[in-house]
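There are two complexes below, and they share subunit A, which is joined by subunit B in the first and by subunit C in the second.
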Partner chain A sequence: MAPNSQTILVVGGGIAGISAAIEAAEAGADVVLLERSPTLGGRVAGLNRYFPKLCHPTCGLEINYQRIKKNKNIKLFTMAQVATVEGQAGNYKVTVKTTPRHVNAKCTACGACSEAATSEIPNPFNYGLDTVKAAYLPHEMAFPMRYVIDGSVVGTPEGDAIKSSCKYDAVDLEEKEKTFDLTVGAIIWATGWKPYDAARIEPYSYSESPDIITNVEMERLAAHNGPTKGQIVRPSDGEPARKVALIQCAGSRDTNHLPYCSAICCLGSLKHAAFVRQQYDDSQVDIYYIDIRAHDKLEAFYQKVKADSGIHFIKSKPGSIVVGEDGRPTVCGEDTLGRDIYANAYDIVVLATGMEPCSAREYRVPVEVEMDDYGFIVPKTGNGSGIFSAGVAQGPNDVSTSVQTATAAALRAIQAVRG
Partner chain B sequence: MSDRKAGVYLCKGCGIGDAVDMDAIEQVAVSEMKAPLCRQHDALCSDEGLKVIQDDIDGGEINQAIIAACSHRVMTDRFQFNGTQVVRANLREQVIWCHPANDEDTQMLAADQVRMGIAQAAKFDTPQPWTEGDFNRRIMVVGGGVTGLSAAREASLTGHEVLLIERADSLGGWAAKWSRRLPHRPPYRDPQDNDLGALVSEVEGDSKITVMTGALVTRTEGMPGKFTVEITRGGAAVLETVGAIVVATGWRPYDANKLGHLGYGASPDVVTGVELEEMLANGGIRRKSDGQAPKTVAFVQCAGSRDPEHLPYCSSVCCGVSIKQALLLVRSDPDAMAYIVFDELRTPGTAEEFYRQAQEAGVVFIKGKVKSVGADLTVTVDDALLGEEVPMTGLDMVVLATGMVPNSTNPDAEAEADEFQEQLKADINPAVPIPSAGFANGGEGEEPQEGFPWPWKDKTPTGGSILNLQYRQGPHIPMLADGFSDSHYICFPYETRRTGIYTCGPVRRPMGMAESADDAAGAVLKAIQAIGNAAEGAAVHPRAGDLSFPKIGYDICTKCRRCTVECPFGAIDEEEDGKPVVNITRCRRCGTCMGACPVRTIGFDNYNVQMISDMISAVEIPDEFAEKPRILILACENDAYPALDMAGINRHQYSAYVRTIPVRCLGSVSMLWVSTAIERGYDGAMLLGCKSGDDYQCHFVKGSAIAKERMSKVGETLKSMMLEEDRVISEEVSIADSARVADLIDRFAGKIGELDANPFKGF
Partner chain C sequence: MTANMAATIPGQSARKYDLGFARWVYENIEGGDKLSMCMQCGVCSGSCPLGTEMDYGPRKLFMMVRAGMKDAVLKANTMYNCTSCYSCVVRCPRGVPVQYILQDLGRAAARMGYQEAKTTDNARFAKAFIWSTRKFGRTDERLFTFKYYLSFGLGEAIKKAMANMSIAIKLVKTKRMHLGMPHRIKGTKDLNAILAKAAEIEKREQGI
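Now for the complex of A and B:
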């Protein structure tokens, strides 16, 4: 039977979703790309640098955004997510729910609304490590380049001031949640991941000290456009973080938390060690690990980090992290190799929390698809199915393998819609 | 284009009209630059603003719109008018957001932005795509293992004819030898049936797929959409036409004969993982020495891998494979003991469950590095837990988990002539990160440790070429320092240096069966894009859809061969007399050839030497007494130019003496532009490009490296003009350098300010 619709719906605008959408569109397919937040880029937009080249994710994003801007086959909706899906391959009816941005397409990104705003909200881009005005541009590489007005100012004098500051009639404080329907032939689920909730690993005292942070927060600290403009400092007092512990498998490889290996955290921490060492000559970084999983060619990056005399590897899964009397976080446990009992104090301790797929709970595919016990969607090949997964919705993937899965998913979606 | 009708549209929105005297700018456009039409608007990107432009187009007033407003990186889709050329002049991000309002220098900068836009439009032609002749849609897949079979099948399912070439006499490759495969489906606990036979049957029964076994590709010429390949089987050669090529030549086990210290060859009961697979597929594990089933077996991980003397990388699959073999052993014989000696146990992702399963099944894991294996099967382990060397004795068999060597060459074929080996080496550099030193002081602070540098940097793989490309730049697909093929990019794993040719599977990176099948699908999609774009005359990634292509003025060309040597994609061949010939669908439109050409006779319809020279010349140069130096910035459009835009978004202020022109790649920068600037009276020039070297970030591979090389010659030119060499500099600027780039500019402007004014001003 010929498919009813040849359009491919891509759900999620992180690196996997962006890649799937562009790759399908550049092969001639019509694509609708949905992103739940105000801007594309997902988790990678918040990364300071990629391993192993220590290059900036925004470089690749710039290329991808240029590709989207020049491609007429892609329709993009931000602040939009899938509510329901009905039908079968070749003919899905999808209801999309949008949440209000309170800024319409007339926005020129001039910034007047932000100047008019007076209240501040926790900055989602920086994982709440700082605040941002209630009328804000998500970040300097936001795509679309359009402001967002937080719902908290609706119906307040501040809201009115924001609205009247806009010369282009772009502020819409009346905007409500809306739904609309799409008919599509195939769906690529690329909803990505969220960091495992570090507070759930109770012995690691994440909630007890501002100087115990997660790996995604470390990315923001090290980023030039982060809360400290790239200065790696103790959140408690802003002093340089010269002695840093990186704790691997914070949640991962643990049947009480995430039973699988999140695959990226070792490389991520090797990168964080490089960040600290590049910033402070007299710094010391200790990496607490079970196995360093620098698989395939990434081994070279591991060897490069290992060659740095300021970076030490301690084979141990720490038993606990406590806040010492001087307020410094102290990592406690037993060294698996030397059998030494240790209690080492640091300026900051970074928990290499794992990846939890959004497809597991908060952003499930609303129809039956084959999932494993962890919430990853099992990849399908051309067997009549019209729903495919890409990126971390499929498994713990790094950027490169996410793009790999996304490109494969794009091909299989094309096969599905062309019948 | 002879009948240009350019309209200049000045946007006063976003505060531009408040910071700049737009009437004065209009005077510049109309009176000085003779623009036939100039209009101001309060918000050009609004529906009303767009209508103003559209009405002029519909009324036949204009066929070119010069839009002086925000950066071309925003409102790209709004400012598109079917069939009308659009040139953008950036007055927002790079003028009013980073320079003081109502300031003389800001005003002069804004006027120059419009002058440059008008000059650009005067040399801007709409590219007509090149679509000559027939374009073939068939895909050739080289390699009939799991990757190639998957690629063939995926291409067929997407409606493409496939030519599948396999070197051996039958399909299946290494994976056909496995009795069971690694679990890739939930619950990830048990070895799974090897379903490769079903895939082979699907391929063999697929009418769209032509299979040629016992065959080698002995010649490849042409370009995407028009490749001609010569296939040789049994001494007879046939010619075939294909549109794109997927290379899935896979891997071979590392030669265990090189692992004498691990006992290979000393005892028949020291076997490789591959040999153990063959036993498993043929009746079970038996000692070669006496045919008995072994009771105690040690698996030696990283046998050759992660070893500077052998393979520098981790072969990725060996941990999983040994776990599988150990599980099969202990499950088939409850009395058997399996020991896995590992340095780092690598079961990433859901494979962790497989590891857990093996531990529960009683497989013993020992952390340590194996020092040696004796002829009596004594395994000496540098036991990391005990901190001493521990002999393991009483073993019945030792299995070496040998790694994967990519078949980026055909090991059975003769090596190429030396010149091509040299070419291959040149392609390897720039390459993957090479461990050399620590990170302190930006990686410059520490001396390399013992055991480094990485040994592969100076080696080339043995064997002949896979495709025997008849390219000016040699027969090989370029490879990286570790012997694997492209891609070097994290965000673009299929970004190839030979357009239309995509590698996948273990020839690209060590990977297992499931990932190889997925990778094959990805490569097939890129092949399909290459075919489709070729037929439309459009570029593929990263300038996807670009219809322009380099045109060579043969009446001027001196056949100097610089363009054919420097093209990063091997797109330009030479005829016997040295005449360069562009294979247009191989071209990625970076313009490196244009920058290379010493007689400036290579150009694109919408991007050429004269256009940029005219833009440079359009800038008004104040006389030396004005004490207003001018600095030309040529900025990579993907990194440095966005960084400058973001400097504006962040309101970083910097010198208003700079005049910035985005370039496709620093590789496209003609040295004429720099000399034009100096001759016109600019006081300095900055080339801003991306990072070169081992961790290069240039998506045209070596643009910034080439620019640096060319720059070294500019210094001599400056000296001959009695000017200071440091008037022209090149800097690496990343896209995240919005604050740093402002600082770089100010420091350079400060230095230029200390020099005397360029004496060529006013000439």
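Now for the complex of A and C:
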């Protein structure tokens, strides 16, 4: 019996979801791509540069956006999530729920609404390190290139001012939550990850000092479109961060937190060391590590960073990070190659927190899927099932591996819908 | 300290490897079965408030267990310096019950007759503590401190007591230490029966 629907649903519009959607669509399949936030791009859009070649994320994203624009087989819904799934491979009834953007397709991204807005909200793109106007563009690589109006201004004089500022009649303050149904033959979960909550690692005092930050915040500090326009400075007073500690496995490989290795944080921190060293000639970066996991093609980057005399490697998982009397964060522990007990003060301390799959706690996958102990969804779940996973939803992958898993998922989904 | 140093200097006769020691620890020491999970990250030693007082921090001691350095491990003062604050246990990323292992290694060293189990400061202190507990059912700070001092010999005990006199006077003034007859609990006899039972169970479990 032929499957009823040949449409493939991709949930999550990060690099994995985008890649899976494009690969399937370019092979002729009909694809619906759902993204919960107002834009495609996922976490990659928030990176300053990405290894191994330290490319700007625009490179990877822009070419994919062009492919989506050119392809009639892809239907994209942003600010959309799956509410329920019923049925089986070849015939899933899916209910989708959308939240209002309050800006319709007439938006030209002129920015007049943002000029008119007066209130500010924490900027999700910069992990709350700064604020944006309540009418905002998610970031300069947004797709669709369309503004968002925060629900907080609806029904206020500010909301009215925003609406009348738009020359194109693109502001729709009446827009409500909506649901609609889809019938699809296969589903690819590509819902990615969120940074492990650093505040839970109590001995590392993340909540105690603005100068103790996470690796994703470091990406934003170093980025030209970040809160400091790319200046790596102490969040507490804006002074240059010349002495920097990078703490590996902050919450990863830890039975109290994420028991697995997040796989990318070592390379992420090597990258951060390079960012700091490029910015300040007289800088010093200390990397505290258990072991450096730079495998295969990534080894060369490790060797390059290691050759820099301004970057030191300290084999030690710190016991604690405390705020010293002078207010500077101080890293305390035992150097395991000697047996020195150290307490070293820094301008900023960066916690290399791991990637926690969104499917673990962030949302409940509304259909039966097979997960490992940590909440990652196994690549192909169940025999004859039409449910697959890709990217970090599947395991702690870097961008290139995420794209590989996405291509694999697209192929499996095509096979499932073609019967 | 010197004995321990000798045990770790290559070429010295005190350096002995017992290749079955790690296995023995895994199988016989409380929590030892989890010791193979240790990844030598250093969190325990780096979190230990007494880390700098120990001949080796827990991490290094565990490496020495693995290396089979039986004598050096059982002569270390590490076990007796542990204050049971449990920082290491709650922070260890691999679920190793560090404190339990140290505690039981100390007991094993005492059973095997290692002198350090009697002569390190904290071993003497623990002995005086249990003496007071048995006798009065509680700690009499004054008598148990003097008992501890006495373990160094009478002359040394008097010296130590005189040196700490001003502290003692302050404690008396603030009613933290009292003069006169020691306070006792009512059921010292029952308490000693409980302690005897505990010792009996321990012996049984150790198969002695």
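Here, the second predicted complex is superposed on the first by the 416 of 419 C-alpha atoms of A that agree within 3 Å, B and C clash if a C-alpha of one lies under 4 Å from a C-alpha of the other, contacts with A are read in each partner's own complex, and residues count from 1 in each chain.
In this text, contacts are C-beta pairs under 8 Å (C-beta built on N, C-alpha and C of every residue); 3 or more make two chains touch, one makes a residue touch a chain.
Since we're looking at a predicted model, the values are computed, not measured.
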item	value
Touching partner for A:320 - first (subunit B), second (subunit C), both, neither	second
Partner chain in contact with A:253 - subunit B first, subunit C second, else both or neither	both
Contacts of A:21 with subunit B and subunit C, given as first, second, both or neither	neither
Partner chain(s) touched by A:74 [first = subunit B, second = subunit C, both, neither]	neither
Subunit B versus subunit C, judged by how many residues of subunit A each one touches	B
First, second, both or neither for A:336, with subunit B first and subunit C second	both
Subunit B versus subunit C as contact partner of A:203, first or second or both or neither	second
Interface residues of subunit A shared between complexes with subunit B and subunit C	253, 315, 336
Footprint of subunit C on subunit A - complex, ascending	203, 249, 253-257, 290, 315-320, 332-336, 339, 341
Partner subunit B, residues of subunit A touching it in the complex	15, 19, 23, 26-28, 48, 50, 52-64, 66-67, 69-71, 106, 108-110, 137, 140-141, 145, 167-168, 223-225, 229, 253, 259-263, 273-274, 277-278, 281, 283, 291-301, 303-311, 315, 336-338, 372-374, 376, 378-379, 381-382, 395-397, 399-401, 403-405, 407-408, 410-412, 414-415, 418
Residue ranges of subunit C touching subunit A (in the complex, touch as defined)	39-48, 51-52, 56-57, 59-60, 87, 90-91, 93-95
Subunit B residues within the subunit A interface of the complex	13-15, 42-43, 45-46, 70, 73-77, 154, 157-159, 185-188, 306, 312-316, 344-353, 356, 367, 384-385, 387, 432-443, 445-446, 448-449, 452, 454, 482, 484, 489-494, 509-511, 515, 517-519, 521-522, 524-526, 528-529, 532-533, 540-542, 544-545, 638-639, 642, 646, 649-650, 690-691, 695, 697, 699, 734-739
